[in-house]
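Each structure below is given as structure tokens.
Note that subunit A is present in both complexes that follow, paired respectively with subunit B and with subunit C.
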Partner chain A sequence: MSSTRSGRSGRRARALWFFPVPALALYLFFFAYPTLQAFQYALTDWDGYSATYHNVGLHNLTRLATADDTFRNAAENNLKLTVVVVLAQTALALGLALYLVRTTRASTLLRAVFFLPTVLSSVSVAFVWRFVYDPDGGLLNSALRAVGLGGWQSVYLGNPNTAVFWLALTQVWFHAGQMMVVFIAGLQAIPRELYEAAELDGAGRWSRFRYVTWPLVAPATGIVLAYTTVQSFKAFDLVLGLGGNPPGPALDILSTRVYTTFSNNQFGYAAAQSLVFMALIALLTWVQRRAIRRATA
Partner chain B sequence: MSRTLDRSLDRRTALRLFAASGLGLGLAACAGPGGGSTASGAKSSALATSGTVKGTVSFAHWRAEDKAVIAQLIKAFVKKYPDAGVEQDISPSADYQTTALRRIQGSKTGDLFTAFRGAQFEQIVKAGVYSPLTGTDVIAKYQASLITPGAQKGVQYGLPYQLVFNMPLANTDALDKAGHTSAPTDWDSTLQLLDDLKSKGYTPIAWPGGDTANAGQLLNTMVMNNAPSDDMFTKIESGEYKVTDDWFLTTLKQYAQLTPYFQARATGSTTDAVTQLFAEGKAGLLAVGSFQMAGVRALGAKFPFDLVAPITTTAAKAKYQGVFNTTFILGVNSASDVQPAAYAFLEFLSAPANAGTYANGTGQHVTVEGVDYTNTDLKAVAPWLTKKTQLAPRFQFLNLDIRTAVENAAVAVVGGKKPAQAAEEAQRVIDQKRS
Partner chain C sequence: MTKTLRPAVLTLGVAVVVLPLLVVLFGTFKTLPQLFDSPLSPPSSPTLDNYRQAVDEGGLGTAFVNSAVVTAGAVLLTLVVASLAAFFCARVPGRAGWIVFGVLVAGLAVPAQAAIVPQYVLFDRLGLTDSLLGLILVDTTMTLPTAVFILGGFLRSIPEELYEAAELDGAGPLRAFRSIALPLTRPALATTAIFLFVMDWNDLLYPLLFVRSQDQRTLPLALLNFQGEFLTRYPLLFAGVVIASAPVVVVYVLLQKHFVSGLTAGAVRG
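Then we have the complex of A and B:
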């Protein structure tokens, strides 16, 4: 009797190996296969539609490392965007979460208000902010003129030195509410007893934040930082909406650079750019995770 | 049944299965590009012009603003051919420019499709998507001199349908008030016109410097007389000319001279914003093109139009008065299952009466012979059909990065950069992109 039962459960256990197959097949076909293909394409000069191509070895990678100012410019823009967005968005989202963590009618309403931009499409957001930034009849310059600060009017996206920071502002407005929700979930998971104990020990507001909130909200911070970093690298549709297609050098980031290279029918070179793009995101995420681990240790 | 399944799926077998499929995918990925559905069939096949006109034709294009007029034409087409239908597949122009080839190549989209003159047309020809039209009756319906951008090496692949003027649109009421009833003939009279417009309170030129798609339209007329040859941008791409050459530096210096005549903070302006400015009667010129006439009217403008190009040389040296372009190149897809219907729709659009409906309804001139223009704006700029104009040089660029670098040099100069520095920076990108 018992040997029959163990035989059945053994068969059942073996059958369990079959369950991940559909998911694994999808993963292999739609993720692993294209990724492997990108490696192969990166070693060719394929134009995207011809039957023929040449193997060029590492030429594409050496070219983008040594002789492509447009790629370097896009990487610089992307790093500036990422640093500003990660810092500003994380700080703003955490600040909002701290103020709205208690569930009251007012905070529920405000959470909804701050979360609202997240549900909009990138194209709509870009359209709205193009109007905000327009130097002639745009909202910002009109408002400045109306309050007598006409001298502060700016060209916004038309200034190559500052355009990427205005893009960052839009990105922060777009996603801060979403990250606020992640922080609220993290803050609500912190046991109240810890705050009470800290208070009994005489900890002030800053000390409670530094020694209770900050270490215990670290997992949520990790998620927010990683997600925000990836988001900043992939702000593709927002950039095209604000900067046109292809965007000018001031708003060109890595994702739009890869897209423009594809559009130029340089599939091999674009694949090489994609690989570097992927490696950069992976590296930054790894550095962030280590930094968080150290900061909260 | 379940026993068989259990036996074949022990852990070791499952792992072998996963490893084998991973290896298979790896090997497949390493098989190399170019093995797609039609990538290997890059030779254009003969066009089936005869046969029963039936089936649904997918018409791929980028003119969302023409949708209603084209729908009206489709209705008439279906009345003539009850077994056929046409569905419009519309993408925004910038997206169409970058993605159309991959969408129409070997797919069900774009039995009849359009292409931009220049890089996109060249790529579609190279990919073998066109069914050549050489020898078909439809070609005779077009003005021969205007359809050469749809041909390559003596083969007519497509038929440019629209005839547009990529030069500033003028508010002639404003020009009259400024005391100018005729177009400038040299650089001095161009600057005089702008000065007079400014003194009358107008923004002399509304220019969308923040819109990469349209900021470069002005460059067409700025180089048409300055350049040493008509194929100046082809030569910049080939390396024969450089943007640091005198003629281009002169052009950039002239952009610097134009800066006070643009609206304030012009390098950040969008096409929508400057079109609004012009439509409100606050600007003398709108530096986009004749294709913007319908858009300006839609915003409620009542004043009459003309076209005015900046003449950048002396009158004696000016070869051209303006710039034109033939685009919206219609072609039949070699992979189409409904070629007779697609060709029939092409023929239908090419009939003078139908081309007239399109032209008058959309505010675009067409390349079809014998069209009667009844649209007031088209009539107003019709004299430009016989003036000395150059085929828009901007579309000679085949590489987007080189085009952006050249056009951005002009934007940078308006933004305050020294012409020589802007040219050097652009040339560095061009040299890298050519290699």
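Then we have the complex of A and C:
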């Protein structure tokens, strides 16, 4: 390895090769190996307890693509959730970051407040919002009645057509502060002189945002978009907390669908679903990266 | 216009974040009718019954201890194996270091749900489902890629000269790791530890998959079961929320800077 070293220290350096062994052993045995096995399981009809199972080829995949309304429903919900959360959370996080980018006492405190929900567990957040959304006497409806907007009251999660949007709102409340911090770091990396130069050229507030801030904060925007997308696919805990286990069709997303299939002892089919789930996330991330590269090129 | 808009928007934002949490905190000391009557007011005749019931009936006492054991075990194990691996990646010249790093970090791209079926079967065969040790191992595996990623970046930034000096003094890799790398990466270790703490403490997926018996439940799982048992007994649910969140929130208030950088480093890894 290191030809420049003397024999003694070379022998010593060999000890270094044992350093990654525990990490690799854990990782390969408990994670990489099962991940690869998922491909093998996905081709079977194994139920999780029988001693035997059949190889069914691509049957699970065709079933998933053509004959499974619950999976399609979960995919649609997930898509709605992702689109709404990505747009709303990114805009809100950037807005807050622009307001709080200058480090003063007040803005440091406010950043801490907006970040706070991120540290809570998803189940805790779900329980907070169960009460916010409770149709009888919950926080939102009480507040609407108190300010004379009783006509705007709603059943929130109880309406199957809009439930997923209320889920999206909770997710934004949960994680906007975290993405705000990413944007603040991005904004602080923009050199002051650029704004001064733009101001000298007579650029107004909007032009300065459009031609200085927006292009230069793009790397942070890319991170936020990618992370928020993946996060909205991982909203698993939040959905179980808000919608129950298993969640009803209105709140079912891909991760909860995979889990429900697994709980129903359809191990082979659940493995197939999990692989499609993984592929969808990979595809979305790839499309996003390309779009960001093109937009900022 | 914007001069008045800014404070208005920020005040509204703070209210949206703080009010629900305040309602929850106050609500833990109220009865259900009191909560519905005046959700925002401080408790008029505070009661600790909700906490008592959450611990006695909801089993949150046991769950708290289990969560503490699993989190402490997983955070420590991850820090040890990840820092050793990251040290290797930073110190071994050429391709080998990068290959190990690449293999370990590749896990970042794979969502946990991808492997749950075979993982369950594997842990079940090893007798590691329904056991805290199993949770420690699976949590470690789940967080290992992020930990290696964060620590690897810091360890690479340590100048080669420091190690060369130590080698001239006859220090082997283990001593170089202990007396040079570890002290210098302390901030990164703290950042990583906090990220791991939050991930492990709040994890629901693996306890949900693996744990069957009541006495092996961790907090998020015990809390999730509240929803079925106590449906709309909100003050009780809220007491559960406060018990489950208190340790993380306390650490957040004490170590805010590390917290923000820890969770952000975890996010920005992509």
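Note that in this section the second predicted complex is superposed on the first by the 266 of 297 C-alpha atoms of A that agree within 3 Å, B and C clash if a C-alpha of one lies under 4 Å from a C-alpha of the other, contacts with A are read in each partner's own complex, and residues count from 1 in each chain.
Going forward, contacts are C-beta pairs under 8 Å (C-beta built on N, C-alpha and C of every residue); 3 or more make two chains touch, one makes a residue touch a chain.
Quantities reported herein were computed from a predicted structural model and do not represent experimental measurements.
In the overlay built on the shared chain, the residue A:183 is in contact with neither subunit B nor subunit C. Shared-chain residue A:24: touches subunit B and subunit C both.
Touch criterion not met for A:174: it reaches neither subunit B nor subunit C.
When the shared chain is aligned, subunit B and subunit C each come close enough to touch A:15. In the superposition on chain A, A:270 makes contact with subunit C only, not with subunit B. More residues of subunit A lie in contact with C than with the other chain of the pair subunit B and subunit C. Looking at the shared chain after the overlay, A:134 reaches both subunit B and subunit C. Of the two partner chains, subunit B is the only one touched by A:249; subunit C is not.
Once the two complexes are laid over each other on the shared chain, residue contacts for A:237 go to subunit C alone; subunit B is not touched.
Overlaid on A, the two complexes show subunit B and subunit C touching the same residues of subunit A, namely 15, 17, 24, 32-34, 37, 41, 48, 130, 134, 137, 240, 244-245, 259, 262, 267. Per the touch definition, subunit B reaches subunit A in the complex via residues 5-6, 9-11, 14, 18, 21-22, 25-26, 28-36, 39-42, 94-95, 97-99, 101-102, 105, 123, 126-127, 209-213, 263-270, 272-274, 276-277, 399-401, 404, 408, 411-412, 415, 428-429, 432-433, 435. Subunit C meets subunit A in the complex at residues 2, 6, 9-10, 13-14, 16-21, 23-24, 27, 36, 39, 80-82, 84-85, 87-89, 91-94, 96, 100, 103-104, 107, 109-123, 137-138, 140-142, 144-145, 148, 167, 172-174, 177, 198, 201-202, 204-205, 208-209, 219-220, 223-224, 226-228, 232, 234, 237-238, 240-241, 244-245, 248-249, 252, 256, 259-260, 263-264, 267-268, 270.
Subunit A meets subunit B in the complex at residues 11, 14-15, 17-18, 21, 24-25, 28-29, 32-34, 36-37, 39-41, 44, 46, 48-53, 63, 67-70, 130, 133-138, 141, 153-160, 240, 243-249, 259-260, 262-265, 267-268. On subunit A, the positions that touch subunit C within their shared complex are 1-2, 9, 12-13, 15-17, 19-20, 22-24, 26-27, 30-35, 37-38, 41, 48, 95-96, 99-100, 110-124, 127-132, 134, 137, 139, 142, 173, 177-179, 181-182, 185, 205, 223, 226-227, 230, 233-234, 236-237, 240-241, 244-245, 255, 258-259, 262, 267, 270-271, 274-275, 277-278, 281-282, 285.
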